[in-house]
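Please go over the structures that come below.
Two complexes are shown next, each including chain A; its partner changes from chain B in the first to chain C in the second.
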Partner chain A sequence: MPASFDAREFLAGFLVEAAEHLVSANQNLLAVEAMLQKGQPHPRAVRDLYRSLHTIKGLASMVGIEPIVDISHAMEAVLRAADRGGGRLAPGMVDVLLKGTRAIEEAVGALEHGRPLAPAPATLLDALALLPAQAPQAAPSSEETFTLDPALRSKLGLADKEQITQGLLAGRHVWRADFVPSPQRAAEGITITTVREAVGRIAEIVKVIPIQRQSAPGIAFALLVVTDADVMAIAQAVHADAEQVVPVVQTAPPPGPEPLGAAEVERVGTIRVEVTRLDDALDKLSALVVTRYRLERATADLAARGADVRALAFVVQENGRQLRHLRAAITRARMISVADMLQRVPLLVRGLAQQTHKQVTLDLQVGRAELDKGVADRIFPAVVHLLRNAVDHALESAAERTAAGKPEAGVLRVSAHEHGTSQLELRVTDDGRGIDRDKVATRAGRPVPHSDEALLELICLPGLSTMDTTTTTSGRGMGMDIIRRITVDQLGGELSVKSVAGAGTTFTLRVPLTVTIIDAFLFMSGNQRFAVPVASVEEIVDLEGARIASWPRPGSSTGVQTRILDRGGTAVPLLALQSVFRLPPDGAGRRAILVRRNGELIAYEVDRMLGQQEVVVRPLEDPLVRRAGLSGATDIGDGKPTLVVDLIGLGGSLLEAEA
Partner chain B sequence: MTEILVVDDSKVMREMVVACLRALPSSEFAHAGSGLEAIEKLSLKRCDLVVLDLNMPDIGGIEVVEFIRGQDTLKDLPILVVTTRGDDTSRALALGAGASRFMTKPFTPEGLLVEVRALLDLPGL
Partner chain C sequence: MSALYVAFRVSDAEYVLPAAQVTQMESFNGATPVPGVPPWVTGLIHVRGQVIPVVDVRLRFGLPHLTPLLESRVVVVQHGTRSVGLLVDTAREVLKLAPDAFVPAPELVVRTTRGFVKAVIQAQNRLLLLIDVERIIGWEDVHGNQRQERV
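Take a look at the complex of A and B:
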């Protein structure tokens, strides 16, 4: 027997699919819980949950991941019983099942990072085994009160019939529309899969039932849908005539309960690509960009020697344009939707609320923006921290809120929208007690901040916490200083806060949607070449003839001077970059690069400017070379690395050192 | 040429099945990611064997088996149903609906090949 099957080959694929099923399972668990609070079952979500866990178990068993098989098997048993019992879960069951998905997520995470896998936690397996094997019985099914071909009716489950009845009760259309597949249609790309997608965009699909055609040989698919769309739109989506779309109508007065919300997942034509492959493509593109700079230089050299390079220059220019397009295309492929980035937020907030015994209503407003995976990976932890802080510190207990005349449940609003064309604006707003300025000032040993900007400076001081004791949720993780470092220093974005005592706090983060390749100014300082992102530079000024005041720094025996540059009446601190990096002075120092840090200008004296170009920034991962003020390195075509300086971040540490 | 349709909503699972069956002589594999897609493909193109997962959205494997057996042109088509261990009820229902044989996950390439060869009347190794 040939050894044609190696389970390890499929591990990466398994991890991707498992992660997708876990996302869907968590969403379905929350949906079940939301319906439970209204005293209603959610049979469709329970069915989907059962399917997800069943799939995870089957795949895990094929690739031999026993801990995941054990957990998913225990969860599946609970869900199968619930599904067969009419789709009901008791309130306490959701908690235990969420612990189960969490445990599988942890195992998936460990596998992704090549960490050793612990056996399935015995306490979890016990807790799952102790859940009632038979879930509480569903209410008896409502009478079937609609017209439908008996052959089709016999294929409908309880949940399907319920969905139709509730759709009719809510005054929506329920249609039966038949799609007839054929080789011609398949050749044109029209299949039941594409039809289902098209219909799914304008209707909730109750069920698709394959049938033997009556009028002609062959088969058809009968789609039963609930929708607000008109008959023409449905007919168009199934490639049929409007006369062939049959209404399903009510036949008797309706029985009672409230409408059942069943949302169909919109499916789009997508393929999954591992991020490492895209990174690889981007790396290769980086190499191409570097080659192009070399080409450009060689062309310039030729021209300098008097050669006619017009044709060559045209090709180089064309090549540059094509590279930009290619870069844009790869960058787009690396984009993930903000909704994907934030999909864990409801689960997270739920967990935080539980741990702190607070009532929290989450209002998630997510636009259609997309951002680079690299940006998402960096900014999401900051969002998580803001949410932790909000639930932990900002939102009051129900009793405190009632006393303050507020509704018992605190409101946490998370919004994410595109700002302009190149930035994402993330806001985390709570309606809690607001930041206590006096307390923050006392802790920091600084004056009470009267503006929101000053408040931000204070709360971003390293190690500052407004709580006297660390709590279970905020005690670990990052501080505001780290959030600012990520947002402002790493990503070149902005961070602001607005806090009103008694009314709540809003944190606003603006970050670029992509970061990989930047426009940079190149300059010399202390005989070294540096690059600085164009986006971070406010202005470049000539120091010839500029008004500079200088005096010896107090207490300095080495003659270090404090210098102030006068810019139209504004005093701007002027720092010599080469002394910051302890490079030998070469005395030229005729230009200054001005950047703005939290609204304040800082000027850096440099020797000379070399020009502007696109550079590919590679982060400095090695801790030996990583330091404040350096955001990465780049190769501009001569094989020597050029350091990319973060003048804004550098300014912070320097001014603090001077203060 | 032997045409084999592999039906599973999990792409990895379909790939694993195909990898297991690579050793079959002159075979071609078609994929279907849902029960509906499987029924459509079977109605449009000749097929010699279906490897079918039971647990799928839309319509499950059992409904697919029922539908196939109700079609004059397909009623003798060999159907190998793949189930997950512990899923005895579904297996019984699938066999009752007319599935030819079943296979339980996790399976080995050897195990799957034995079943497929038997269904295709191919000589064993």
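Take a look at the complex of A and C:
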């Protein structure tokens, strides 16, 4: 049925656009709140908010989504009143408005997932309906920010003044130009109406005020305009001399900084692209990469048969370079800024603080780093977990903090910066009570950890979370095993903790910025070919002549014999990959691939190394083949999938199995 | 309304599944084995830029293993968002079957086939068995295996 198909297309467009306006609405609400705390209004953000809600309402009514129309209509009314009153919101209003955007977000989320839509909550609509009357009006005696004849000024409404102030802030001209009508001019067809029209074409007219002329009897009109046009153009339009056009200028510095200006400039020239389209481009590219390797091999074959392939080899090489550039370009297109990833954090922390009745000051330090959308989607939930834990468990109540001699408001610092060229370092720091080692140890039934590394092991025990939710008095542990799984096992990153009793806790996550196309080592094990990401490999060791201690382990539940490799005085567990994977025995293992999992080395014995190659990893998503230790499959040019092993994750699952 | 069904053979029986669920049929040139999965998951193959798992229907039905032959086929089925290959002995026919030809499988058949057969069809002097695709590519028992391995 084509009609319903169209509606769905339209709905998808609506969802994307609504989501964009919601993001900006939330940012503006928080900006207004931040300024309110300094006792200042933020008229520009209020006006932007008004526009966002107006647009959402318009879009929603076009696709006929009543609950969203109802909420956005009520919010729009509040914001219109606030805008008219000089762009002021009372502190309590921000809360209600945030509930409004939340409700719209929920409705949008429901539509996205095809869930049925609930009508707009009546309590919310009632609360919103009460707000317009509460919008504070700018005090009439408030400091004026521009020069103007007091007689004219008294004729201006708040919105007019705001329009002039905003025009000046935006660096536009504001002029006062007087038009003097006369019977002679009227006969020529020049009246205030024609002047209005002429001026309206080159300027925004703030107000036309009739004035009594002092020099001669009769009435004149003072036109106040905001424009980019120059004085000559305005003078011409009002049929006056340039000298008679008077500039209106700023007298006071602009009220407060413009927090949104910079961000707006950066947004210019961006478009939204669905990630699936980029993935598709990447897929096509991967096919190209595969063909290139075939070409390279065919060239090598020709050369082996004695053909002169110098010209061909040059082209192949050139082609490889171009492919690398193309790959880099597509990879860049998949990158999102860390600031975008973390833009919901202020709202989230605010909500958490309200739920727990704690005072939290958020300090967000975000660098200019960018990371792959796929990585961002995985790591952000981990950050959310950490923030939740910090507000729920780590930060104390105001009373507790005062008793401990700390400021009432807890500080939560989130920082995100590039670490080296290929990693992002995320830190979540609180100045709360610190993790109670004794308590955690008791709960886990393990000895008290004396190092931060041992503490991390303990709080990442999978069973700890359930115990923790029943006793929320102190400590953390909720979901820490999941955070480690995401950071270390899925993304090949690192996780560490530093906690000082009474002073606070810092979690540091390091994750790679990209994951899609990777450099991989190819190797054989159990007569099967595998690939392993170069980034995850610490070292490749020749086992010939290496010192290895081994003994039978009848108690091992995995049936895998562990040996100890002496690596320059460090004892490294050595596992034969082919027996871990239960593959048929192959030739004697000659090489070991060393990986580091949470700082500890693990060695995997393999048959032989085959070389290094760029590969496009496709995740193994089907439940039939999803398994710890395998991160995906790749095509290296022979048309058959080659398994990409995740030796770090494999180490984790083996340790769990042995535990 | 009659609908189209893809017919295939495993051992000495003929089976059908709705053609609407079949995205393509490929000859079988081997799959990449995946460690740690049930033996009836033969491995992974590339199909039109996708990597999909292949289920050996013989082994899934508990029949003895047969080295794939020239006429072995991989019937690629789409189930929800999943795409899975079914390795069968042969698959050559597409049949048009009327709904009244389907009879619910007798209790004994359901039990002996462990629920893999949903219905029987008597058509043109042939006995066809309608398979339960969802159950064949189901992973509940896979997860059971993995849990056991972990414990």
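The criterion applied here is as follows: the second predicted complex is superposed on the first by the 453 of 659 C-alpha atoms of A that agree within 3 Å, B and C clash if a C-alpha of one lies under 4 Å from a C-alpha of the other, contacts with A are read in each partner's own complex, and residues count from 1 in each chain.
Here is the rule we use: a contact is a pair of C-beta atoms (placed from the backbone, for glycine too) under 8 Å apart; a residue touches a chain by one contact, two chains touch by 3 or more.
Here the structure is a predicted model, which means the values were calculated and not measured.
Novice: Which holds for A:G629: it touches chain B only (first), chain C only (second), both, or neither?
Specialist: Touch partner of A:G629: chain C, not chain B.
Novice: One more residue to check, A:P210. First (chain B), second (chain C), both or neither?
Specialist: first
Novice: Once the structures are superposed on A, label A:A287 by its partner contacts, choosing first (chain B), second (chain C), both or neither.
Specialist: A:A287 contacts chain C only, not chain B.
Novice: For A:M62, decide between first (touching chain B), second (touching chain C), both and neither.
Specialist: Once the two structures are laid over each other on A, A:M62 reaches chain B alone.
Novice: Report the partner of chain A that touches more of its residues: chain B or chain C.
Specialist: B
Novice: Touching A:H73, do we find chain B (first), chain C (second), both, or neither?
Specialist: Touch status of A:H73: first partner only.
Novice: Once the structures are superposed on A, label A:I219 by its partner contacts, choosing first (chain B), second (chain C), both or neither.
Specialist: first
Novice: Please indicate which partner A:L124 is in contact with in the superposed arrangement: first for chain B, second for chain C, both, or neither.
Specialist: neither
Novice: Intersection of chain A residues contacting chain B with those contacting chain C?
Specialist: none
Novice: Considering the complex alone, what residue numbers of chain C touch chain A?
Specialist: 30-37, 41, 43-46, 49-53, 55, 82-84, 137, 139, 142-143, 146, 149-151
Novice: In the complex of these two chains, what residues of chain B are touching chain A?
Specialist: So the residues of chain B in touch with chain A come to 9-13, 15-16, 19-20, 22-23, 33-34, 36-37, 39-40, 43-44, 53, 55-59, 63, 67, 70-71, 84-87, 105-110, 113, 125.
Novice: Using the touch rule from the top, collect the residues of chain A that touch chain B in their complex.
Specialist: Touching chain B: residues 1-2, 4-5, 7, 9-10, 13-14, 16-17, 48, 51, 54-55, 57-59, 61-62, 64, 73, 76-77, 155, 181-183, 186, 191-193, 196, 207-210, 212, 218-219, 221 of chain A.
Novice: What residues on chain A touch chain C, complex-wise?
Specialist: It is residues 283, 287, 528, 557-558, 580-583, 618, 620, 622-625, 627, 629-630, 632-633, 635, 639-643, 653, 656-657 of chain A that touch chain C.
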